[in-house]
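Two complexes come next, and they have one chain in common, chain A, joined by chain B in the first and chain C in the second.
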Partner chain A sequence: MAKKILLAPVDPVHDIGLKMVNRGLREAGYDTVLLPPDLSTEEIIQAIIDEKADTAVLSRTLGYGVANLLARFVDLADAAGIREKVRIAIGGMAVRPELAQELGFDASFGPGSTVEETIAFVEGKEFIKDTNLSRKQARDMTEGYSYKVKHGRIGELLEKTTDMILAWTEGKTSPGVERAILRDELWDVNKWRGGQPTTGFFSEYAGLCDEIVRNYYEKGELHPKTRRFTDKDVEKLRAHVERSRVDLQTPSIQHTLKKPIIFNQYGTGCPYMDIAHIKASEAYGADGVVHFDPSWGARTEGFFDGFLTHQEDGTVITPDNLMHICESLEKGTLWQVRAHRGLNTPETVVLAGKLGAHLTKINICYGSLGAGTEPARLTVDGVASIRYAAKYKLPFDVVTNEELCGVPAYKAFAGMLIVAHLGAALGGRSILQPLFCYSPEVMISGQMEDNYVDFNAAKITALRSIMDAPIWPGAPIGFLTQDEDRVQSSTTTALHTGLAAMLGVDAISIASSDEAYSGGPITVPSKVDTLRSAAESFRFFGQSRMELGRNAVQWSEEIVSGIESVLEQVVEKGDFVQALYDGILGNREDGAYPGRNGLNTVTQK
Partner chain B sequence: MMVVSDVFAHVVDALDVETFLVCMSENEGKNLALTMMKDMGFQDVDVVFVKFQGSGARVRVRAYINRPGDKYPWLDLEDTGEEES
Partner chain C sequence: MKTLVIGIAGTAKNTGKTTTLSSILKEIKKGPGLSLALTSIGYDGESFDNVTGLPKPRIHVRPGALVAVSERGLLFSSAKLELIREAGVMTPMGKVVIGRVVKQGKLVLAGPNNRRELRLVLDQLEALGVDITIVDGALSRIAPMVEADALVLSTGASRCREIPRLAEESGCMADILTTPALESRGRVEQVASILNQAGFNAFFEKCLAADTVRIQGVIGEKLLAMIADRSAQLVGKHLVFGDPMKLLLAGEIKSVHRILDTLEKGGIRVGVEKQVRLLAVTVNPYFPKYRYNKGDYEADYVDKDELLRSITESVRVPCFDVVAQGGQGVFGELMRFRDSF
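Entry: the complex of A and B
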């Protein structure tokens, strides 16, 4: 145990780090002496002798001449006879461990070192990293929300719309719903994990799939853009994941805040590369990751099987792919498998639920108007999906991606609220996911000509005034504000992160700094760029809050009245599916087109 | 750290090079950036960002070492428990 510690900057000016260490040592009960900057080496050594210090902690910030200076210090300390009696450590921005070791210092603390490391040295103990960093808990962002509709008239309209949808879907089914029933009832995930055959399931399942998927089950033909991994590949992957875990910490990047939870996306096509993205994201503080599947997956009836890589963007949903990705996740990492938009929506929810996902994504309106699925089909499948989400206790976000087609926020939000209210009625827990972006609507109407703040704030405020539900802007935040410059892209992500934090939202999805680059796959470093930028934003803004500007208040009110007007029209129409076809929730002029995938596939049970 | 002879086996996906090239136009900057990467021996290269302003172009040019779906050398790295010098 050290009795007396002398701290001295071997530097003409800089001593902030040393002052922090001094404070830490005093708080830990040590007797310390802190010398001022700009003393000569001889003066510092004399002070060590005079104070009878048994430990000296030195620091050096300026880089020039550091090697000669420290070498001289060690020589003089030897000559004064204190090297044998006093333990000496050196820290600071200019200190490199190899130099300190070569010169014979007892310890060194370079850039990024913590006060705790110095205290451990003083106490003669090995420094043990804070293991709490590795114990992130997976949080349920829906906890505490009641889903009550606070706006009287909108509440009445949502009630009527929910009743309308449930009455319309009663007794109807589709191949997607039938596959989900099979997956739910006949596919035993535990048997499957144990390698036991699930023959009964597949014999019925193949008959409900498109030809390309059926050919896989009946003739063993893979999708032309996919390749199967070998057992040896799997062994290597597992070894890699284990190696990644050895020193992995999963730090919190929110600084003093608890939210927003940070998500980023993966979907390189290859589960191995996805896992590399995920492990880097976790290490830099991402709280959750979102699985992106290929766009053809949403247009194809049925899922393939096996551990498959895909040559293009989007990682194919198969039980094996999901299982391997799930196994690579740290325990505290939230995992979302998106169902939301295509012909496999209900089955995706079942698979996500059985394979351990925390979240899914469902939006009937976006899938019908912006993602190519026929409205009647997605209404039937969407209701079934929500029932499964409730059964598997999977909260789901309702993303308004149709805003990217050009649908104004108030129309897209009306659709989102319909699905969220339907969700609550069916026992599900939804999350509102408005876009936090430079959408076509504002490009044309000019609400973001001056700033990106007011209209985004108006959207959040409007939703919050209508429903008591969690809000997770995305996806990703700042979409269409990023360019190919990684500095610009990271900066806009940081600024949107700060805005989202100040608005007190529950979660955000952030892009990589490759967001606007379309020439090749997104890289791991580009994920690190924006996670670091988000962390810096949290550090900068802390718990500060913003006041809404006049424009934000006015636009928020306009959005609320627009939502009410759209819902009035839906109720007046008396038929939700027809309302989608008639453009009430987004029309051709807006850029929304009722989809055709799955046309005429809805049948009576 | 692992001990391997080929440092590029450690690159997870791509190598980005950022610099400012003295040139007369954005197009020249782009061509110079691509030539620079090819001169360094990279084949799968692309300009991620280029902006010509003033006396030259700020560029970020990328060489993909591994694309998704390739066989990744970093999966074959073995941890020896030794620090690389």
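Entry: the complex of A and C
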């Protein structure tokens, strides 16, 4: 005989959740009685007795003083003797298992609970979650793209530029490339994971590093801003991850869309804190996370070793740090380790590949013009990096952060397309990453005086008309439109998310709501702010699409012709590195300065 | 010797149940080698309060103690257990398991949270041969505590910041908890719970026809007051409740106390089938104070000496401030009771 279930809102008004559960239970064949709101505790208990219910499910919107009300209900039911036969559960938006336990209920149904969970409870069975439902699959956003250049003249120019770069780098090497070769050939990740010595590797490696790194390998001296985690720290970290996984679900936040997938960055300096942030990001629907390393890491030849925390922004890249972070990730979480800008670019790609990253980030032009690395050095290292990215099957984005220095989009995009085309020629799979924000260019030129829509749409449209490649705007979207107010910051993130979704891009990176103004490590609540705001944006816009405005069309055409003109100049120059020095891809007036880190370190093999 | 089961019941959240428990544990550690078991009808020993976000006292357990805890609580505990058995009880925090502490540490204590399941667990602990089982309470929940042999009641400013009101209410509560046992006499009728007018009418009819009415379930406050209103028709009758907790749950404490007083004065005897032994009251001057400007709570205190003095004067059992005085007093009462048990 079907069990009888009494459903009662212990609430003066709210009963919508119970109505939905009631419908589900009835459809599943159960005999249910739904009581109206605003009954007293005594009336509900009498109804449980009169109806001879086997199970009672209550709901309550929790507020101040409600705990005592519910505790009295449970006590009264217990003292009335009905709990000998009737099992009682509580549901509601703020109900958690700990609270239900304290209040004395048999089970709790908080946000996200399903009718199946209620049925399992009614039947007295343990509910086993279908983990496949909440488990994400790591998706390759480059799948299905051909990297064909659709614009005839630009295609010809990119071919020539690629040939020019490959010819120029032929036979050249650098300490960064040599370290990557060692890391690729002599550093056995499986032996390392098994705790076996890799002394042969380190004896050669130390000689290719700067003094500060060499001192670590030769004298055991750590970088002054780092400390090694203790065994106790590691034990606590593992316990933290294990606890986090107990209830962790990885919800999809795109509502009915499949893309854009959402990335969040981490890089507090402390891998332990990063991992806590990552677990929160996963719980609120982030599809991927991006590793940010310290700025000194880009200027220092070589990597330290060991599980290290850093007292300033940016989490140090070491094999141990990456391994611990990787181990904390849920299986479906995409993981990007950036390698785009510094003296360790090729080795970062190798480490990322060996330690299980899904993505990396490489851009010769940005690294040379906006991030301080000498153009010749980063051209040699960049080509090697792309080859390793292809070898380790790591798609990489080509970010145009030089736009943040003030370089106009068309120049930055010309550089991005050069690297993307080079990537395709070397068997790599690149992702175009234009800025999707209030950049210095538009502040000066006024394209965003009226709205943030048209120029961002123009950029995406322009890139799409040139190359069949995935687009991942960032990084993060809405940058420089956000102020210190978390509501404002979340709102602008939501709006940029909506625009990106309507433009059909493949991925976006979102900032936390305190990212620009945190004055220190960003906080988990502010990460949750923007993930929630992005989710609401997806829910609001669904699969609706936008039409390009007149300005967007015009600016898109101007960007395409600007790119063509820049590429003509590069080809005319006949030397890619010199083109970087000469400002063709962004000059001093734009805010781009050829970097000096690694000057004179390129040598013939 | 039979296991002595001590319940620590509170009058509200943050009245000092866990602190009282810890003070007893400290005394047991110093004392005569008693074997101990612990469980809770709520969720205790967490780092931060589920509602206020303020730090909470943790429960520290030592090797050898038996505990009945939910699997999920163990995830948040640093103490390590040797598992003995599953208790056959499911809670919102997962299955309850019984284990022996093998590595000392902090314990999140979440056990059987209703009367029937508490009995199941207590029986299993007794079969494992412990001298004392302590059951930690939850909020102001009292019904499952009927399974304890004796109670310690924790009250304090978290229940009410006005000391005179709190003292008066504590006196009423202690009086109700110590309602005497009453034999049935003459013709006996019995009813389950009295929760509405129909239930009251049925009860009243039986009252008129019988000398003793045994009320096995609970009664609502308005309905209890209706008995008092008609007491003239019930002079000489015996009303026997299952236990004092059922009277405490009838409604607002002072009202229930007043109604019971009216019944007694009207010549109606009110008693219980199963008495509860109230060993002591512990008082806690702490309360979480809501900060309207910040939207959070901060710790605040009432005058602890005045609190202890006022409650001591209003209850007929020993009263202690275990933070100021330590646990010797409460433990002494517990041991005296054990000797007579």
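Here, the second predicted complex is superposed on the first by the 471 of 605 C-alpha atoms of A that agree within 3 Å, B and C clash if a C-alpha of one lies under 4 Å from a C-alpha of the other, contacts with A are read in each partner's own complex, and residues count from 1 in each chain.
The rule we apply is simple: a contact is a pair of C-beta atoms (placed from the backbone, for glycine too) under 8 Å apart; a residue touches a chain by one contact, two chains touch by 3 or more.
Predicted, not measured: the structure shown is a model, and the values here were computed from it.
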Once the structures are superposed on A, label A:Val74 by its partner contacts, choosing first (chain B), second (chain C), both or neither.
second
In the overlaid three-chain picture, which partner chain does A:Arg243 touch, first (chain B) or second (chain C), both, or neither?
both
In the superposed arrangement, which partner chain does A:Cys270 touch: chain B (first), chain C (second), both, or neither?
first
For A:Glu126, using the defined touch cut-off, is the partner it touches chain B, chain C, both, or neither? Pick first, second, both or neither.
second
Which of chain B and chain C A:Glu42 touches, first, second, both or neither:
second
Please work out whether A:Gly549 is in contact with chain B alone, chain C alone, both, or neither, and reply first, second, both or neither.
neither
Taking the superposition on A as described, I'd like to know which of chain B and chain C A:Arg83 touches: first, second, both or neither.
second
Kindly classify A:Gln101 by the partners it touches after superposition: chain B alone (first), chain C alone (second), both, or neither?
second
Across the two complexes, what residues of chain A are contacted by chain B and by chain C?
243, 246
Per the touch rule above, chain A residues touching chain B in the complex are 227, 233, 236-237, 239-240, 243, 246, 268-270, 272-273, 276, 280, 309-311, 483-486, 514, 517, 519-521, 523-525
Of all residues in chain C, those that touch chain A in their complex
12-13, 41-43, 46, 50-51, 70, 72, 75-76, 90-93, 110, 113-116, 138-144, 146, 192-193, 195-196, 199, 216-218, 220, 242, 245-246, 249
Contact residues on chain A for chain C in the complex?
42-43, 45-46, 49, 67-68, 71-72, 74-76, 78-81, 83-84, 96-108, 126, 242-243, 246
With touch defined as at the start, can you tell me which chain B residues reach chain A in the complex?
12-14, 16, 46-49, 51, 58, 60, 62, 64, 66-69, 72, 74-77, 79
